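The next part holds the structures, each set out as structure tokens.
Same chain, two partners: chain A is paired with chain B first, then with chain C.
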Partner chain A sequence: MITNIGLMLLLPLAAVILMPWVSRLHRRAADVLAALAGLGLVGLCLRFIPLRGETLTLRVLNTQFSVDGLSLLFLVVVNVVAFFCILYSIDYMNHYDGRGKFYALLLLMVLGLNGVLLVRDLFSLYVYLEIVSIASYVLVAFGLKWDGIESALKYLLLSVVATGLILVGLGIMYLNLGTLEFAELKLLLAAGSGPNTVFLLAAALFIAGFGLKAAIMPFHAWLPDAHPSAPAPISAMLSGVVIKVAGVYALTRLFFDIYPSPARVLNVFLILGVASMIGGALIAYFQSDIKRMFAYSSISQIGYILIGLGLGNPLGLIGALFHVLNHALFKSLLFLNSGALQYRTHTRDMNEMGGLEHRMRVTGITSIFGTLSIAGVPPFNGFWSKLFIILGALAAKQYVVAVLAIFLSVFTLGYFLLMQRRVFFGKLNLKWQDLKEVPLTMSLAMIFLAAQCLLVGIFFNEVLRYLVEPAAAILLGGK
Partner chain B sequence: MDMQTTVLLVIGVPLLGSLLIPLLGWFKLPKVTGYVCVALIGAAHVLSWTLLGPALGGITTHWSKPLYEWASFSLTFDALAAFMAFTASLIATLIAIYSLGYIEHGEDEPEYYFVVTLFLGAMMGLVFSSNLLFLYLFWEISALACWRLIGYFREPDYIWKADKAFLVTFGGAVFMLLGFALVFAQYGTFELAELRGQEIGPVALLLILLGVFSKSATVPLHTWLPDAGVAPSTITSLLHAAILVKIGLYGFARMFANGMVIPPAWETGILIAALVSAFVSACAALRETNIKRMLAYSTVSQIGYTFLGLAAFTHFGYIGALLYIMAHGLAKGGLFLCAGIIEHGTHTKDMTKMGGLIQKMPITAFCYIVCALSIAGIPPMAGFFSKYFVISGLVEGGHTYIAGLAILTAVVTLLYMLKSFHVIFMGAPRGESHHEGSPVMVGVVAVLAVLTVIVGALMHLPFELARVADGERLVQVFTFLWR
Partner chain C sequence: MLLYASLVLLVIFAILVCFFRDLLYAAVSLALASVMLSVVLFQYGANIAAVFELSVCAGLITVLFVSTVSMTKDSDQANESRLPAYFLPFILVLFLGLDFFLVKWLAGSTLVGAGFPATPGLTFQNAFWGQRMTDIVGQVSLILVGVFGILTIMRALSERRKHD
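Take a look at the complex of A and B:
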């Protein structure tokens, strides 16, 4: 079991290294290798589930890698979504050159994400985060179109600011505490009253830095450019997974596990969360580019997650972590839907589409699943996580937040119905008379993700028991 | 078969069986889907017959499957649930049969039958649920079903109206969920059985009422319902008579008449809201010239009437409200299906362009007037008894003025019903192409009209069931006090 931890990193690494050779063997060989690697990773991380939150540690060359409940939840999210993105890419990448390079970068990104989740000291976390970022910059610009290159540059510049802030934060911590290992930090911070001020200073830098990575509202400017211009499976990875691991995971690890935060830090989360939830949704409403709309709605949903964290009570935290999982599923589904639309219509402008459900049944129906999940309509998965967050808000007596969260979920349904009306539901735009459904693997990826949205909603109790509650137990460890 | 299996089958057959229909569509068998839909809904109805006996015997049972700390899937069987399941599935079966003649074969046919079956499945789930969360869950499944169905014809304007219906009912319902969450914050449970006899706060009450009133299209949250008239007539009939707007009423009955307690000061407020809704929309119906909008306003008015019965919190009021759900369902279902035949025959919904249709559509005209008189509360039709009990329930509760105004509303109802009959069927015929509907359609309408009279004649049977349901209320309140 412990060697599996190493394999979570070595398997993608091996695939990345082999990819240039394998992709020369046969046109499809790269697809097979990437899909096998993705499937292998899913299998590996599912093997950890029976642990139910027990911590496993692997120590290599003085670096510690371990899996606990919190890492496991995120590992499952990352690898499951990554596998479906790879599956989807098999047909989707027909539009692009260089599929070997694409898969290598995608798997490098997965490697970085798994690394972030497995390491147990802040500096290694920072290093793996950079691996993710470098892979992402290139992937955003992968289409070699101007908008992609421009937004990759924007993403790069803002990320450099973020990593700069994080690095300064790390410096302050190291200077004052002499270590960056989680376990030691935890002891040191719990022991004295002195280091608290140090931590708070670093905390401000971390919130800004990881907040930039998570695209929380005042730090969000890069996301609506970067996510839409990437190839669809990459948009799905970025919006579904990367912002959560790079932002939310790091924040939860720092502010709940390592140092159970005082109320004023939590209030910062709450305020940023409300701002993102409202701001993202309002801007999303006015978009006519389908992927930009989804990108802004990601900001809004990250807001929900932050609100759950900021509430700080068990219901809110379970809700936030459950929403991480749910948002990864439905947002990657929606981005894959938008990719399917772009694959056939070569446009992202919703006003040019219309009535496409009659030509693209699978895309149409799965997008309804995504719409209902994101709006929190039962029995889909988004309902349960939002319910937890709202119950948490009431338990914390944050009535205004509860009302806003409820109101925004109606608003979310409103702009997603607008999307449905423009794109799928309605009379067929005659321009698309001869359109066909997307090829098999793209359809399969969408169907599987849609099915998961429904199944997680129906078997929410099992998901909570095996994945979310062990993770929440880590966050609540200090209380 | 034991009771639990029967109840689970009544829910499961339409809810899970509906998934069969898209598969048939996938295998290029769209023409079979209609029959499968009728078979599934009909099976649920036949099963609900077997529940009537135990219900009349006063048996109540409760099953619960814990899923999470505070979320358990609980089902309750009692006379109220049996009554509602029977009524809804009866009308839905008839409407499904009518659909066979009404819905044209086409690309969207499997979707239509799938969503209709799912719709009834959600209703059955809601009827037997006694956990607030699952009540909400089924409530929303019905909302999303009605979203697809209202937009069935896919005109841009229709889709907008479908979205509006979805947004209003979803919006109301999530605020209701917030109300449930407040109740949870106060009492720590979502189980109605455990909340029985507990008084809830005014904020929670208002939020829950927002959901109930938006679903049951009560003024001022009613505007989506007349707009929903753009749906196929079968669907409007289903929305008005069997399922959708009845959900709010049933939810109110389940939550308050037989469960949580409303702060006493608010009871009169609900009565006044219901009365205003009943009267204002009756006046709107008088002015309306589009036949389906006119009938929709009439529904809003009748729903207000049913709320009057429920919110009176008296024996006769409660019995009257339950009978009202049945009588109104039969009659309004019949009226909308008549409207469907008329629309098929004349290709218009504008009543001022009709006239003299009685010559071409004698059976439809006869059924229309029977159902219209039942709505207006003329004896011996079923509608008379329900209206009578509601009004005497109001008097029993000491709300004499409200009862008087309710009678005034009944007069307005008679006025617009007769006016519409006159405009549509009497006078000189216009146009040539008018024809009677297909045998299936006319047959179903006739069955509904006959049922309206029969239920009126055999009023003691549903009355007995409603009385048992009312009795349950007393017994359980008593056991609570005794404990």
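Take a look at the complex of A and C:
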């Protein structure tokens, strides 16, 4: 079991190294290699689930990688979404050249994400975060179109600022404590070693740096450009997974596991969360570009996660972590839906669409699953996580936050139903008369993700027991 | 004084990198920025980081940039751009040799940073292979991301060349 931890990094690395040769063998060989690597990674991380949060550590040749409840939850999210994105890409990438390079970069992005989740040292976390970032910049510009390159540059410039802030924070920690290992930092900070104000400064730098990576308002400027310009599977990865691992996981690990008392930053999380939840939803409402609308709604949903974390009580934390999983599933689904629409109509403008439900049945039905999940309609998965966050807010006597969360959930349902009406319902635009559903692998990826949105909602108790509660136990100091 | 002058020049050269329209000038400006950074690192007593910055970033990377820029110029400019391409293997071997001796020298040296007490037995070799081994998979992956990233961005050019 312990060797599986190393394979989470070595399997994608091996696939990447083989990719240039394999992609020359046959046009479809790169698809098979990437899909097998993705499936293998899902299998490996699912094998950790029966441990229910027990910490496993791999020590070999002076390296140390660990899996605990918190990293397991995120590992499942990353690798499941990545596999469905690879499956979707098999047909979707027919519109692009350089298939082998695309898969290599996607697998390197997954490797980086797994690395961030497995390392137990802040500097190593930073190194793996850079792998994710550089792969993301190139993948956003993959189509080599003007808007993609412009968005990638914007993403790069803002991300460099984030990286700089994080690096200065790391420097401050290292200068004062002489280590960056999680366990040692935790002990030293708990013992009160070093000046407190300096660590608060480092905390502020980490919040700004990782906040930029998570696209939390007001650090969100790069996201609405970067996510729509990327190929759809990459938008799904960025919105569903990358902003959570690069931002939410890092912040959670730092302030709930390493810093001794998260109380001081809870209010900051709460304020940033409320701002993101409201701001993201309001701007999303006014978008006519479907992918831009989804991108802004991601900012709003990250707001819910931050609110859950900011509440700091068990209900809030469980809700936040459950929403990480749920948002990854329904937002990836919605981005894949938008990719399917763009694949056939070659537009992202919702005003040009209409009545597509008659021509693209699978995309239409699965997008309804995504809509109901993101709006928190029972029995879909989004309902339970939002419910826990709202109950957490009530338990913490944050009544205004609870009311806002309920109102914004209804508002989300409103603008997503509006999207449904503009895109799928109403009169069919004549120019879409001969439109067909997308190819098989794209449809399969959407169907599987839609099924998961429903199944996670129905069997939420099992998901909580095996994935979410062990992760919450780490945040609550139970492990 | 030298520290502040280096910092100012570092910022100026870094800004110039973005403003030059000729990639060759941009590469040279980047190299000068790296040299200034090396001076700053020397001033702070981070000698090993300074030597690496000077040899790898100001030296090796600049050679690679200049060669790549020369090789990707239009065919009508090919005659004047072949010289760096011919010299590239020799310069690469030279830098690899220099780096080999540098690493050999560094391997046994004790790591001391400004403001840190010397840690007995903490050599560059111990730090790299003993303490930072976890980062090696990360470093390999970073190089691969860079390679695939460049291949991805340059693929339109190579396709055009194939058609020509």
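In this section, the second predicted complex is superposed on the first by the 466 of 479 C-alpha atoms of A that agree within 3 Å, B and C clash if a C-alpha of one lies under 4 Å from a C-alpha of the other, contacts with A are read in each partner's own complex, and residues count from 1 in each chain.
In the analysis below, a contact is a pair of C-beta atoms (placed from the backbone, for glycine too) under 8 Å apart; a residue touches a chain by one contact, two chains touch by 3 or more.
The structure displayed is predicted, hence computed values, not measured ones.
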Touched partner set for A:I390, first chain B, second chain C, both or neither: first
Which superposed partner A:L144 touches (first chain B, second chain C, both, neither): second
Partner chain(s) touched by A:N461 [first = chain B, second = chain C, both, neither]: first
Contacts of A:G112 with chain B and chain C, given as first, second, both or neither: second
Touched partner set for A:S288, first chain B, second chain C, both or neither: neither
Chain B versus chain C as contact partner of A:N4, first or second or both or neither: neither
Chain B versus chain C as contact partner of A:L417, first or second or both or neither: first
Complex interface listing, chain B residues touching chain A: 67-68, 71, 107, 133, 136-137, 140-141, 143-144, 147, 151, 154-156, 159-160, 162-163, 166-167, 170-171, 174-175, 177-178, 181-182, 184-185
Residues of chain C defined as touching chain A within the complex: 115-116, 129-142, 144-146, 148-149, 151-153, 155-156, 159
Footprint of chain B on chain A - complex, ascending: 355, 358, 372, 375-379, 383, 387, 390-391, 394-395, 402-403, 406, 409-410, 413-414, 417-418, 420-421, 425-427, 460-461, 464
Residues of chain A defined as touching chain C within the complex: 9-10, 13, 16-17, 61-65, 97-98, 101-102, 104-105, 108, 111-112, 115, 119, 121, 123-124, 127-128, 130-131, 134-135, 137-138, 141-142, 144, 175, 178
